[in-house]
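Read from first to last, the chains carry the letters A, B, C and D; within each, the first residue is number 1.
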Amino acid sequence: MRREIPLLITGIVGVVFVISYFIPHFPFNMMDGWFSDWFSIIQACAIVLGALNLLLISSQKIIRRKTDWGYSIVVMATFFLMIIAGFSGGVEFRGPDTTFTWLYNFTFMPLSSTMYAILAFFVASASYRAFRARNAEATLLLGAAFFVMIGRVPIGDLITGFMPEGARLSDLTGWIMDYPQTAGQRAIMIGIALGLVSTSLRVILGIERSHLGGDS
Amino acid sequence: MDHFGIWLAAFLTLGIYSFLYRDNAWYKLSESIFIGISAGYWVVILFWDNFYAKFWLQRQDDPMLWVGAALGFLMLLRLIPKIGWIARWPLAFIDGATAGLWGMNFLASNIMVQTKATIMPLMGPAFSGSIGDLLSNLVLVGGTFCGLIYFFFSKEHKGAFGNAARVGIWTIMITFGAMFGYTVMSRMSLLIGRIDFLFRDWLGLLK
Amino acid sequence: MNRRMIEMSILAVITILSIIAYLGKINGWHNGYTFSTGLSITLIILLAASVIFILVLTIKGKLIGRRIVFLYIGIAITLPLFMDISQEIVVSNDVKAVYADLEGLPAGSKILVSFDYDPASAPELQPMAEAFIGECFKRDFKLIMMGLWPMGPQQANMAVDTIMNRMGLTDQDIIYGEDWVNLGFQTGDVFVIQRMGGSFESMFHTDINGRPYQDIPLVKNIKNFSNIDYSFNLSAGFPGTVEWVQVGVDRYGLKLSCGNTAVQAPTVYPYLKAGQLSGLIGGMNDGAAFEKLTQLEGKATKFMLSQSFSHLIIIAFIFIGNVAYFRTGRKSALKK
Amino acid sequence: MSLSQRKSFSVFPAIQFIIIIALTFVLSVNSFAQEATDDTTSVTSVIIAPPTNLLVEDFEYDDGEKLNLIWTPSIDDQPQVGKVTGYQVFRVTNDDVTTKIAELMPGANNFTDQELDKDSTYSYYVTAIANGAEASSVTTSPISPQREWVNFGLTNLFVIALIIGGAIFYFIEMGKRGKKLFVRKIAGLEAVDDAIGRATEMGRPILYIPGIHDMDDVQTLASLTILGRVAEQIADYDIKIRMPVARSLVMTAARETIKASYQAAGRPDAYSDDMVSYITDEQFGYVAAVDGIMVREKPATVFLLGAFFAESLILAETGNHVGAIQIAGTARPAQLPFFIAACDFTLIGEELFAASAYLSNEPKALGALKGQDVGKIIAAAAIIAGVLLETVIQLTDSESAATLLGYLRQAFTT
């Protein structure tokens, strides 16, 4: 039973949502909106599980004095700091002068921007290490990348400035983007959509079921 | 100007960058602060934006919201080991709804619209287009077609079929190359923004 | 001296220099620096020479580690920020299309702008946002702003502040609630767009400052997309342009163009070619191009030199990497 | 007759003159007054024609809440030179309440009124507005919106969904009945066994990253189905699996998945909740933590399967740096180039969705892949047929080809 009920729920819900796409009549026309609301609420409840798990792991590390347990104290301290800042001020926690906003601006924001920007370095090292003209495919990839990289910055047209307009690097880049690039994107898009439809069907039909758990 | 704040931000920024050199205590400290702060941030945000704004404020106007609350409650039963398996119900619900909704959306927007968009004349009306247009359009149509062949699972990539698949993977590789170029562009811009923060906003060395 | 000592002393030197520079900034000892043309050219030549040196090393079979690559990227981006060299910016057709759309709209048109990004992507999208808003204010368009990302609306307010300062406009010239409004953020991703198709007010009961929808002169007569003349979406991922196309354009017939991070841009090309999008500003380079069209030069234009340099460095290192690959008989195992 | 004619001839210029003088005077005073008070709207001399042919229809295939309005714009509404500055749409309900429901730009010729009540009736009129003048169309006769059960506007989509869905269904059924189904080799998936074996030999953990999206993304679902197959093998080998996740719901679902797999492999005792841990919902906070885990625990094998964004490269590069074998796959095209560069095997788009079926090697799961191929055949055939027809039309102006093409395009219109 523990296994059958979830499968049944998935199947029925899935079929109802597929059908609702074609039925404008109440209540089917409301279903996707409802789902979005419900999902938001479930997410809010589930984060309790996540947060508790994080705290559990951190406190276990501290209690058992595992390697780097000191950092777990930092994790817990900053976690509670943010929680207190977010809940002590009530619903206006996002106002311009709150502790929450201060923490956001001077810790959260610089950290996430930096982590994001660290990508530039990894892009560089990956380019250096991995982009090799190993075979025809890799060479095509490199070629297209070269033209786009140079053709999409001003320096590209500086180099080919002697060419007539319409034959400069930026134009070539434009052509790559408009034709072969778009063709590839379309093939990938159509393929992805088909894969998605088939996976959805398998989930609804209960062929993929391991993610709903076993018998106990 | 908030002196402490800006130094803290710079301290954390450089702490993350120090990972490029190697894993070290400064990075571990920045990482831990990041994990703690962001986990707390999301708890706060999900509570106020999702639970409070979507459910609590509107619970009287829209009785259907109680279904969501009930599913959320079932989710929390995970915490009680004996009946934790009930949490599979809301998960099963989410799976079903996701599968049902996304399948149709993608079928409509990706398969149908993009197939239709690829149905195009190879030349302008009454041969108004140039040879260049013809070739370009051939690339677009042929590339899409061969790309689809590449993804075909039911046939080994051999013979004429294999050649078409090879043209397909070439097209896809050009696509990836172009995306690679754009990604480089994007990532460099982000780093420029960050370095601008360090040298302009923090140290004031940039004009 | 062991390695740890060296690391520590470098760290100490950097800290001291930073403190001096910071004190200099707040006490007004310096006002920022720009390199002279001579110095700029010398630095560029030195940089080029060192890259060639690395190439020669590689040909000789001595490979560099990834920290060197990291160092070069840092330098290639930092130095040009101090240089004052102007470049001719190329405007692509997709950017021209956005500008032409704006030119074609009559004064008083109502434009919906969705800010679907956060501060992390701001370096690319903020300049576009500023130039777009500035151009709209110039042409007396009415802007309705919103965000599908929690931090988007704050970026919108920042962009409005910046561009009004730069154009010398005051709150009397551009009146909040009449010329523009910020409806704030809503959770629900794609469903927000879907419900806006029915009614904006059902999704945004108030604006970002808590003012009721019906009390805002600009929007009180705006029911849904059918009252919107044009829309622009600034997107850094999900939810973003793709979702606006699938729902806003395909279902509700919205006229849409977009500003995207460069990573996103290639993935929206099929929509552009299929006519679902009317124009695209993709990445900082297009941002600079749009600044050029609107004659509202800002950070994108300023950063273009660094952008060019970093691309050249990446290309150089791909080249060096390939030299290493062929040099070592294609069995390349670069040291990590 | 001739006299009067002559008379009028002599009189006419005089009158004309007076009128012109008077008009000039009025206009100049008026414009002066306008400049002074700026928004006086008392100009009465502008006369405009009203919009015509106002037609109200039921909005097709809705829940009985919308009405469609179409009209012919005023003849004074011309681009650049027209006098009309906009339109206002008014609604009259059956209890005679009139409300302005929209203000539209010049050139507007349609509007959809929404959130109506299907049990009421509504009339409408549209007013053209000029500087100081307005002209209204006639008020339409009352109409109420109709409620429909089926959206026939989506018939094409329904048919195509039915064909593709039917094909998938059919092949699954064939698979169940034991028909042998051929599916070509997918390199990335052939490598899964080796990757797990390698971790066993080296005695190091396997890291499984299911992307950063929540359970409402099909990619995450696909990733968890793959996890199910992978975890079964892992249970056999008795190696450590480490799975940090960015969403609480994914944490719960992943635990269920691994638990079920361990049960299926007959080793329920070896399972522990510690295998899956939640880090944070924040994209880069999560990445910072996973990077730390990679550098400190040095996994032998890393699976990156699911919805990835910018973090993909940081993860893949760090994984490569610590010397792990990496199998990656995502349906976010923008992340694929770097996966291809930095990882040992990459599942491109559709292959990610095919993976769990392929790994299971169960006939009914493989049948679903066959069904996908039918979809590809349809798309490819439509493209080729359409392009050929277009070309034929260009060459011969053939009408029948044009009709055929029309049908074809129609079939792919949603």
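Everything below uses one rule, namely that a contact is a pair of C-beta atoms (placed from the backbone, for glycine too) under 8 Å apart; a residue touches a chain by one contact, two chains touch by 3 or more.
All figures in this text were calculated on a predicted structure; none of them were measured in a lab.
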Legend entry - Remotest chain, chain D as reference, centres from CA atoms: C
Inset, instruction - Could you quickly compare A-C and C-D and let me know which has more C-beta contacts? - result: A-C
Inset, instruction - Express in whole angstrom the distance between the two chain centres, defined as the mean CA positions of chain A and chain C. - result: 19
Legend entry - Separation of chain C from chain D, taking each centre as the mean of its C-alpha atoms, in whole Å: 24
Legend entry - Rounded Å distance, chain B centre to chain C centre (Cα mean): 17
Inset, instruction - Identify all positions of chain C at which a residue touches two or more other chains, and write them in rising order. - result: 66, 70, 73-74, 77, 120-122, 187, 250, 262-263, 266-267, 270, 273, 283, 285, 307, 310-311, 314
Inset, instruction - Check each residue of chain D and list the ones that touch at least two other chains. - result: 157, 161, 164, 216, 218, 221, 249, 252-253, 256, 279-282, 284-285, 288, 296, 310, 313, 333-334, 337-338, 340-341, 348-351, 354, 369, 372, 375-376, 379, 414
Inset, instruction - Quick one: which residues in chain A touch 2 or more of the other chains? - result: 18, 21, 32, 37, 39-40, 42-43, 46-51, 54, 68, 108-109, 111-113, 115-121, 123, 125, 127, 129-131, 141-142, 145-146, 149, 152-153, 177-178, 181-182, 185-186, 188-192, 194, 196-197, 199-201, 203, 211-213, 216
Inset, instruction - Pick one for the touching-chains graph, please: line, ring, star, complete, other. - result: complete
Inset, instruction - Write out the stretch or stretches of chain B touching chain C in their complex. - result: 1, 3, 7, 10, 20-21, 45, 49-50, 53-54, 105, 108-109, 113-114, 116-117, 140, 175, 178-179, 182-196, 199-200, 202-207
Inset, instruction - Show which residues of chain C lie in contact with chain B when the two form their complex. - result: 18, 21-22, 24-26, 30-34, 67, 70, 73-74, 77-78, 81-82, 120-124, 150, 185, 187, 245-246, 250, 261-263, 265-267, 270, 273-276, 282-285, 299, 303, 306-307, 310-311, 314
Inset, instruction - Provide the residue numbers of chain A that touch chain D in the complex, in ascending order. - result: 18, 21-26, 29, 39, 42-43, 46-51, 53-54, 57, 68, 108, 111-112, 115-116, 118-119, 122-123, 125-127, 129-131, 141, 145, 185, 188-192, 194-203, 205, 207-208, 210-216
Legend entry - Complex contact set, residues of chain D against chain A: 61-63, 147-151, 154, 157-158, 161, 164-165, 168-169, 172, 214, 216, 218, 221-222, 224-225, 227-229, 247-249, 251-254, 256-257, 259-261, 263-264, 268, 274, 277-285, 287-288, 296, 310, 313-314, 316-318, 320, 331, 333, 337-338, 340-342, 348-354, 356-357, 362, 364-365, 368-369, 371-372, 375-376, 379
Legend entry - chain D residues touching chain C - in the complex, by the definition given at the top: 86, 100-106, 111-112, 114-115, 213, 284, 309-310, 321, 323, 333-334, 414
